[in-house]
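Presented below is the structure to which this report refers.
For clarity, chains are labelled A, B and C in written order, and residue numbers in each chain start from 1.
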Amino acid sequence: MRFLRTLPLLALPLAALAGKPAAKAKAAAAEPVRPVKTFHVYVNDGMWKLADGTEFYIIGYVRYNDNWEEAPAGVQLPSPTLPAPTMRVTEGDEVHVVLHNMGHHHADKGSQIINVPHTIHFHGLDLVQAIDGVPDVPAEGLPDRVFSGVPVGDTYEYRFAAEHEGTYSYHCHVDAPTHILMGMYGAFIVDSKTPHTMYGRHYDREYTLFYSEVDTKHNEAIRTEGTYNMMEFKGDYYLLNGRIFVSNLKNPLSTVADPNSVIVANEGETVLLRILVMSFEHAFVLHPHAYHMQVIGTDGRPLTAPYWKDTLPVQSGERYEVLVPIINKRNKVCLSCGMGKGVSIFHDHNFRGETSNGQYPKGPLTVFVVK
Amino acid sequence: MRFLRTLPLLALPLAALAGKPAAKAKAAAAEPVRPVKTFHVYVNDGMWKLADGTEFYIIGYVRYNDNWEEAPAGVQLPSPTLPAPTMRVTEGDEVHVVLHNMGHHHADKGSQIINVPHTIHFHGLDLVQAIDGVPDVPAEGLPDRVFSGVPVGDTYEYRFAAEHEGTYSYHCHVDAPTHILMGMYGAFIVDSKTPHTMYGRHYDREYTLFYSEVDTKHNEAIRTEGTYNMMEFKGDYYLLNGRIFVSNLKNPLSTVADPNSVIVANEGETVLLRILVMSFEHAFVLHPHAYHMQVIGTDGRPLTAPYWKDTLPVQSGERYEVLVPIINKRNKVCLSCGMGKGVSIFHDHNFRGETSNGQYPKGPLTVFVVK
Amino acid sequence: MRFLRTLPLLALPLAALAGKPAAKAKAAAAEPVRPVKTFHVYVNDGMWKLADGTEFYIIGYVRYNDNWEEAPAGVQLPSPTLPAPTMRVTEGDEVHVVLHNMGHHHADKGSQIINVPHTIHFHGLDLVQAIDGVPDVPAEGLPDRVFSGVPVGDTYEYRFAAEHEGTYSYHCHVDAPTHILMGMYGAFIVDSKTPHTMYGRHYDREYTLFYSEVDTKHNEAIRTEGTYNMMEFKGDYYLLNGRIFVSNLKNPLSTVADPNSVIVANEGETVLLRILVMSFEHAFVLHPHAYHMQVIGTDGRPLTAPYWKDTLPVQSGERYEVLVPIINKRNKVCLSCGMGKGVSIFHDHNFRGETSNGQYPKGPLTVFVVK
């Protein structure tokens, strides 16, 4: 590779450990011991069903249990979800993430997707790791998994310190557009050490809203063939936390049947919304009918000059943190929302997003519910 | 609906009145009387013609006269325009908007659009209303018009206080993408009590620039059938205040023949531009050839840290307020603009927007004219 | 033209000179003499080749040599490049740009593109020029080249003062979407008088990253016919400084073989990135895997409240200046990047941009290389 130069050996900073457990920095005694949080992550594939009956093939990251513990040998893993489960740590933690590439078992036998490597990119955590290897020759000595991803049947342990509170994401970066849009993405939250604060500001409740674009033809082609001409990619479903809203408010698969997506709050509270997007070309432009949102941070960094929006554009990969004060909303009706008292809608105003499969109101619409 | 809870009865804040005129808050005597501004709005449909001869079916909001007075029975209503007329009030006013759904009379007899309800969403005014009804059961007692919209032949009166100066919009929210993109949108301006100021900053003149995306095939399908597969939506016209620019500068239907769109100013003045967008997926990216614009507010709230842009992206539903100082521009020629002295162009730099129906320069281009 | 008014004669400000050299302002003696920088720019057409073997017709601006000197008569001009060469001046300079329309010689004989005029729009420099002519009648006396562009065989000299440091662009504005997307664009940089600073902030190194969208079918149609129905425009290539990244890291036409695109820096340095975009409808959403970028300015103006982003959306015509501190990155490996030590990727996260011609990773991906 023409652009690589010889690099002198550097002292490894304590903040960036990686590789085998034996490689603990001896200087650790000079620094307070960081709490260690370990996450065992497994690749798995399966089918995902939406509220309108549409079902499509997805590939995602799963965990054995809510504690992200290592799965006993031979146990059956849970089916993947959209999005993948949220990883959560506290600022200052040392984080160990063990990626297990279990292969795919729900695609067609002839599909090229059966045997592909995977990685995890911790988007926004700006991670670079010290890796054992010959320092003068930048590529030599680096394990193949670093270049080509973790192959089927193999594992890899990422280790890093979470240095900045914020909202980040984790997603695959092998054949990135396809793997990500197949479902290999989830939120990664770094909390402040002070509970219920974000960038020093108090909040009472929080919700993580992960928006995504799907082309079901793309997912089906990957399931059967393993390849897709991305010039043909045309989104047909626009999801919030993996779901769409439908006219039947009682549909159990709707966005408004998901407690992670319905923004419940008490009158007088301040709600924190963590907003994330993965898409091929759609901008989600988020509009609550009854509120203004104060944008306090983005991409894991506070804004020195927060601003208010009632219509917030978010592009693929971006994150925003907004605070929503719930003032004088209880028992009130939003007349354009078509809902009951204390309930108002929050949806994508970039209208392709609200017409999944060509039909309104199928899209990433959810509601605020004030108690 | 699983997410609704029982809600205790709240004292109704004076700022949020709604319902029948008899429901005047008795506590009004304790508060200065707000000026009341009343707007009678009528739904109407018709044809709209562009400068290149294209004509298409639209549905809009119309007013009987410039004072938004109630139309005498049996009178013929004006044809709809793109956009709908601007509603304008002063900060602190009590606003009454009476929506009259007069039905559609210019669609094909067999079209499903003949008999549909409508609503008005006051975008950005964060309105929630106290509605009479049984407080413990959030939905019971609420009129059907609150849930499903105002049916043909019916009316509904919205009442609210305009609490924040700013630029907002009003639009339908029944089958929102279709109704809005058919033409059911207009600007709603809340002026500061101090004339010629916006967020405390002085301006000499102002213009309201409402950009929109149209798919004429969609409008035609609504006229004839009343339905359209929104997966097929592909914008073919990009409008400024309902018009396109064409090469023939004397065309009376061009943007530059509209005194509401041509930005006329005297040397030395500061111009306020209120920028609004309604679109399906197009971002309008607005660029004046001879100026920088100071962004002072968005979505009806001032920025604590205004910034300068010569190329400003605006997505569907957003609003921006910008100040443009006109300094040393009189009698000067913009050499890339192809216009005369004191005249410079202001257009969409996201170039699909400037190639309506596949042909440049058909798009939302207008001019600054300095006197 | 209805919107023109009679204009009184104004004293011409010294900052805006134009026309023939004889028109030097007599008041120049009262003001320090500005350094004059002259650029002779020639229109030329030719073929452009990408790393995957794709070749297509482009039209661009070329220079005779690195000093932008006037070409001797009869000499063969260099082939055009994507983007056109960067023009660079210092704040306060008087700039003379002589546009020579040499016509097109590499299109089909029957193509309408053979004989078209061209102009240069200096995007963001807010230029308006005093032009000789009868002051009371704004259009009379203005040369035809001001209205219709510089015809084949003719030249035009633009003169202006560069008053604000910043990153700007220059591009054609005749049949703008087509001419620009054919290749008639380049960066125009105005440096601070203080070296290695931008808006008063120090930087050690800088890179200019110009992103663009191409529809090769559009370029071919222009070559053969000279016209294209822009409703058919569909981008198939997404470029960084005219190149795409491909899997073969040694490909000499790849982004990572271009020293202008590979972001090389020493540990501890601060890198300035100047980011520009020209596109039809694609938003480039730029994400470095190992860094946050501090946005310090946009469109040639500093931000009073800089902010940090790891995923930055940029629309057609916008510019951003960002500072990237390189801290603790030397000799480290980015585990999701698939590269060696000190190397991390920087790409478009709006994934259509990374799937040129339907195939990942063909897109505007480049790398940071820390030494």
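Here is the rule we use: contacts are C-beta pairs under 8 Å (C-beta built on N, C-alpha and C of every residue); 3 or more make two chains touch, one makes a residue touch a chain.
As the structure is a computational prediction, the values presented were derived from the model and not from experiment.
**Q** By that same contact rule, can you tell me which chains touch chain A and chain C alike?
**A** B
**Q** Between 0 and 180 degrees, and as a multiple of 5, what angle does the rotation take that fits chain A onto chain B by Cα atoms?
**A** 120
**Q** Do the two copies chain B and chain C share over half of their interface residue numbers, or under half; same or different?
**A** different
**Q** With centres defined as the mean C-alpha position, give me the chain B-chain C separation in Å.
**A** Computed from C-alpha means, the inter-chain centre distance equals 35 Å.
**Q** Two-or-more-chain contact residues of chain A, please, as numbers and ranges.
**A** Within chain A, residues 283, 304-305, 313 contact more than one other chain.
**Q** What does chain C use to touch chain B in their complex?
**A** Against chain B, the touching part of chain C is residues 1-5, 7-10, 13, 15-16, 18, 119-124, 126-131, 133, 135, 138-139, 142, 146-149, 156, 158, 173, 175-178, 180-181, 228-233, 279-281, 283, 298-301, 303-305, 313, 315-319.
**Q** Quick one: which bits of chain B touch chain C in the complex? Just the residue numbers, please.
**A** 234, 236, 249-250, 256-257, 262, 264, 267, 282-283, 285, 287, 289-292, 304-311, 313, 328-344, 349-352, 354-355, 357-361, 367, 369, 371
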